[in-house]
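Below are structures written as structure tokens.
Here chain A shows up in two complexes: once beside chain B, once beside chain C.
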Partner chain A sequence: MTILQRKSRKRARHAKADEPVTETSVLSTEDTESRESGTAPDATKELPRVTESNGEFRPSAGGWIARLLTWAVLLWLLLAVPGNVLSPFDFGVSDINLAIAATIFAIIGLSLNVLIGYTGQLSLGHQAFVGIGAFASAYVVTDLGLSFWIAVPVAAGIGALQAALLGAVSLRVTGLYFALVTLAYGLFAEQSLFSFAEITGGDGGKPAERPAGFADDHLFYYLCFGFLVLVLWLDWRLTRSKAGRALQALRENPKVAASYGVDVKRYTLLAFVVSGTFAGIAGSLMAHHQQIIVPGIFSFQLALVFVVMTVVGGLRNRIGVVIGSAFFASLGEGGGAGDGGGFLERTIGLPAEFTGIVIGPILLLVVITLLPGGIGQLIAPVKNWMLGKRFDRHAGKLKEVEVSDVRA
Partner chain B sequence: MSVLEVNGVSIHFGGVKALQNITLTAGEWEIVGIIGPNGAGKTTLFNCITGFYQPTHGTVRYRGRNITRREVHERAALGIGRTFQNVGLVKEATVLENLRTAQHLETEYNPWIGIAGGASSFFEEGRITRRGRQLLSLLGLSEIAAEPVADLPYGMQKRVEIAAVLATDPDLVLLDEPGSGMGPEEAHELGEMLLALRKQFGLSIVMIDHHVPLVTRVSDYMYCFNFGEVLAEGRPAYVRNHPEVARAYLGEEPDEEQHARENGQVDEVREGEHVS
Partner chain C sequence: MLDEIGAALVVGVLTGSVYSMVALAIVLIYRASRVFNFAQTEFGTTGLFAAFVAVELWGWNYGLGILFGLAVGICMALATERLIIHPLRDSSRVTLLVGTAGVALAAIGIQFWLNNEQPIRQMPRLVEGTAAAPFGTPVTYQQVITFLVLIAVAVGLVFFFRSPTGLAVQAAQQESTASELVGISVRRVSMLTWGIAGLLGGLAGVLAGPNLTFSAGFLTFGAGAALLPGFMAAVLAGMRSMPGAVAGGLLVGFVEQLGALSIFDEVQGSRALLLFLFLLGVLLLRPQGVFVREKAAV
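Moving on to the complex of A and B:
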């Protein structure tokens, strides 16, 4: 019914209909009117009630208990174990540092996912996005003496601003050329911005104090975890709302999107701003995690790790990206591990430099050849099961969708 | 006032004159058919009307307003909807999801509110989902609402595309070969559907198709294009029997064509034939 009501409103607005101009149209409408009568269904009739697809799967009581238990274990691992609450393990300082780095990397991964996954633009300069956020936050806290709670929005805003600038570039330059622009941007930031001692504190780094109440590593983890949850929420709503659908249409076919009334420029910029905001938040958290942030860590190699972890995690797969990013953080990338070194370094003695240049490319090859959906594809059956669906081994399989250019 | 007025539109790509001085009008609630051989400039004209191309000369008016320089999304907002020659849908998404995507302009919340997860966006999402389902049931597509578009047969995708265009709440719909890939039976059903939709939604329709029987049956007025020019225009029966049209399509001498029709041979054969 709504369809028709809206329609009639529009018709009244245009006040048309009763003044046909050409002779032909007068003749023809009469002509077809008679032909149609009887065949056309009456539009004012009640539309048939549409129900959800029947035969939907409902887990049994035992199934519900198993799912609840799995959820409980997951939450326990994420929330209780890192705080050494209700936990038999001793989660030490180097462990919690890795956990914090994992949450921060997850936010960075989600930021890149918006760019690579949703808009299809590759950024090779994301270390600059994160780095500028980090130094902005450190500057606000240390030089301006303001609170961490002001520094985070400032870092997010600066991240959004630089992303919007690059987004404006991306409207003209796309694909590989855009990747080159971001590469140049990252190197520019590395060589010039990060070498201003006034901003970055030089090689000695810039202090960035943690907010009151979160000075302890374990408590700071919960703070970072909270930000990750916030970013996950925003990303989820992005994909489930108008903007996400517009971006999906834009990525698959800009012409179709435009014919639906999607403003191409506006929504491309929106995606960049969202990505930059996430990167800014992550940068701020990174600064306050390390407490003294040095410019040296924001190197081009880090940008590559960011891209690899996002792709290995699975583009457009939120949980996959989080797991992929957390995995690379646990290898000790980006100086997040502190003195303890990465997970593999501590367990089997592989140095972090090795993991970065060997494990990353191997995983990338595996993903490109065998698992196009990345980790997200791998865990899709478990995820669906935990959300109350049937356990389906093939749940995450990507369909071969023939992407043909729509001729227009 | 006509809904659509194309006045003397020409477009040149380098030395190629894709359209030359095309003048075309579509009145209120009128169905205008365009036929013509491949490469005649039919789709190019659609691209000038929807804004993907800027005509070299001439103007495009929509309800009296000059829209020649407007952007594509602005024209969509004015109420011009279109379909594409090979299906213009998000293939990886489901049918219902596509209908929600198509309701972009109908979705009345700021995109930022949507990202933040404001309450209004949840209500609005519910509303456009219901509206999408209503449209699908109106077109008899309810059963495939949850199917990914890529899994559907081509003819079905074409129907979903029409549903998606209707979801944009258009006043003027440009259909680019809606009947392609359909057999005579399906094309007949499509014709019935277009006539019914015109009545229910109050649409003006401009359609390109190679199914000459389909176009002649539903159109009120018809144009035949050849080499970027209007070869013939008028009532469908007139255009269809125009000697030039037959020649452009079949490369036949008009006399022979005339002769064959007099003997009553052509019509039965041609009725279901896919002329392309």
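Moving on to the complex of A and C:
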């Protein structure tokens, strides 16, 4: 784009801002925007977009090739390298364990993102959801002798059920008090539920067989990756639905949303149930990943790590959350999964169980003070570029950071 | 049965005095900064570790070691206020909460790391021995001292909040803009409040630590977990009443100890179960708090 074009564009924007906000002018800008982005001009079904439309930018042929190459490298890293296919690296046992832990943590991060990011409610007891999913799955496979493919839906269902029960009782209180209730629930689950030796196998743990055909670590990674893609897709569909828009509205301002006919309680409960479902799936995968699941790992500290990785990843930013969660998992927080410890232990010799909990919180503090959008904000230019847009360094900047505030 | 309830009452009040200190600090900070301070108990654990290092490893006098521990607690609280709470003062409360949780996690991580050689430590007591054994439960001097310190702190806070400085603190907490206009530095008040909270946390740490062995995260989720009970006591106090926080801490201690009754022998983790149900009950029936007259602004 030439400088002249850019100038004229800027002038147009100025003119828009200077116009007195009459109803006709609002309507006309909406019309042009919807025409530009090529969506149906039905203004009632589309939330007004504040972001700048992309204009007529089309990447050149070289740009397309560069983007395609980047996509290919990304897919190669995610799919080929862990399987030691077409790859010069030797992806060993501890590496693949970290990769599996990363996908499982990514699912947990997405689960928390639904709750914290979409509704602004904070759960400090998510280790209980994951843990109950894990033990439910292990129980179905080991004690009932059923297949893994039944255990995962059962774990997801139990996750949804407990979220529905806990939410129905406790979502009368919101905000910080709700966080307290989930904290108490997590401690209760940790000390009370997880000590029933019949279900959890006591301190020795409960065996959880991997499904037939996926016993190998590398194949199990692809299974977990498939579930991650499924959860990403479900999450994407949720945000594109009527419920997703309702959630967005009630996060911005519950009172205004309620006055527009959004049933705040019902939609918050829905988000909580979805979050519990995802956590149940993640728990089930975690159980079958470790093959012997011990109750001791589901501690309050793990719940804090879950919250931290979600916020560091960037709330309401799926890719950011996935990257943040995977990063924390690779720091060695994979629930004791990595045999050889995190990558920092092998590179600079810091013991894994400490790097995660020392570096993680410091990263968190840096993120929330300096970079409110988290990793998602950091990678937004690259993401937009890969989706065929212009490389814009300022993409993804957040003006308003957060979440259910009582300021309104 | 009656003996058991009596024992629960005694032990509950004694462990509850630690909860009361934590709850007092949580209420103070909530009034000043509108944040649920998840790092509160870590001020205590960090202070306890500092006191332990001074007394056991550097061979300091016990009193000096305690003072050092308290100083570390206060410094940590002030640093949290300056580095985390102040820069984030305009963001939402959930962000602030995540920030304090990050401070707690970082402290726990560093404790784990530096204490890796011997994870479980034992701090000597101020006065060894058992003071009395009402209802057949031995009560150590340490526990009695903790209770007396709580009373002293409570009385001290009453007098502090009647003094000009204390009134300034209250004014700034209630209406910060107006108090700026009459010449109260809100910034200093905030620092002062966090300093008091750090002192209370440090006291809770150095007093509760010697009763048991301790490890990283002792007061947050370890053997002496006081974070959740402290929050529950603060909720009972409607997040604003300081006498309510003291009473709430003692009540929560008692309710928790009811889980030790023999009728709950079959139930695993009965104390956590009781606390969870108690919190749910309080929040559903009286979310504005029990030991408070006005409606809480949460």
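Everything that follows uses one rule, which is that the second predicted complex is superposed on the first by the 338 of 408 C-alpha atoms of A that agree within 3 Å, B and C clash if a C-alpha of one lies under 4 Å from a C-alpha of the other, contacts with A are read in each partner's own complex, and residues count from 1 in each chain.
The working rule: contacts are C-beta pairs under 8 Å (C-beta built on N, C-alpha and C of every residue); 3 or more make two chains touch, one makes a residue touch a chain.
This structure is a prediction, so every number in the text was calculated from the model and none was measured.
Engineer: Regarding the shared-chain residue A:Ser299, is it in contact with chain B (first), chain C (second), both, or neither?
Structural biologist: Only chain C is touched by A:Ser299; chain B is not.
Engineer: Have a look and say if chain B or chain C is in touch with more residues of chain A.
Structural biologist: B
Engineer: Quick check on the superposed pair: does A:Ser259 touch chain B, chain C, both, or neither? Answer first, second, both or neither.
Structural biologist: A:Ser259 contacts chain B only, not chain C.
Engineer: Would you check which partner chain A:Lys242 touches, where first means chain B only, second means chain C only, and both and neither mean what they say?
Structural biologist: So A:Lys242 only meets chain B here.
Engineer: Which holds for A:Tyr185: it touches chain B only (first), chain C only (second), both, or neither?
Structural biologist: Second partner only.
Engineer: Tell me which partner A:Val274 touches in the superposition: chain B (first), chain C (second), both or neither.
Structural biologist: Touch partner of A:Val274: chain B, not chain C.
Engineer: Once the shared chain is lined up, is A:Trp233 touching chain B (first), chain C (second), both, or neither of them?
Structural biologist: First partner only.
Engineer: Chain A residues touched by both chain B and chain C?
Structural biologist: 401-404, 406-407
Engineer: Spell out the part of chain A that touches chain B in their complex, as residue ranges.
Structural biologist: 1-4, 6-7, 10-11, 14, 16-17, 19-22, 24-25, 27-29, 31-32, 35-36, 39-41, 43, 47-48, 50, 53, 233-234, 236-238, 240-246, 248-249, 252-253, 255-256, 258-264, 267, 270, 274, 399, 401-404, 406-408
Engineer: So in the complex, which bits of chain C are touching chain A?
Structural biologist: My answer: residues 36, 83-84, 87-88, 91-95, 97-99, 101-106, 108-110, 112-113, 116, 217, 220-221, 225, 228, 231-232, 235, 267-273, 275-276, 279-280, 283-284, 287, 298.
Engineer: Once bound in the complex, which stretches of chain A touch chain C?
Structural biologist: Chain A reaches chain C through residues 116, 120, 122, 124, 169-170, 172-173, 175-177, 179-181, 183-185, 187-188, 190-193, 195-196, 299-301, 304-305, 307-308, 311, 351, 353-354, 356-358, 360-362, 364-365, 368-369, 372, 401-407.
Engineer: Spell out the part of chain B that touches chain A in their complex, as residue ranges.
Structural biologist: Residues 1-3, 25, 27-31, 43, 46-47, 50-52, 63, 71-73, 76-77, 79, 81-82, 84-93, 97, 100-102, 104-107, 109, 111-112, 114-117, 121, 125, 127, 130-131, 133-138, 142, 145-146, 148, 150-151, 164, 168-169, 171, 176, 192, 195-196, 198-202, 218, 220-221, 235 of chain B touch chain A in their complex.
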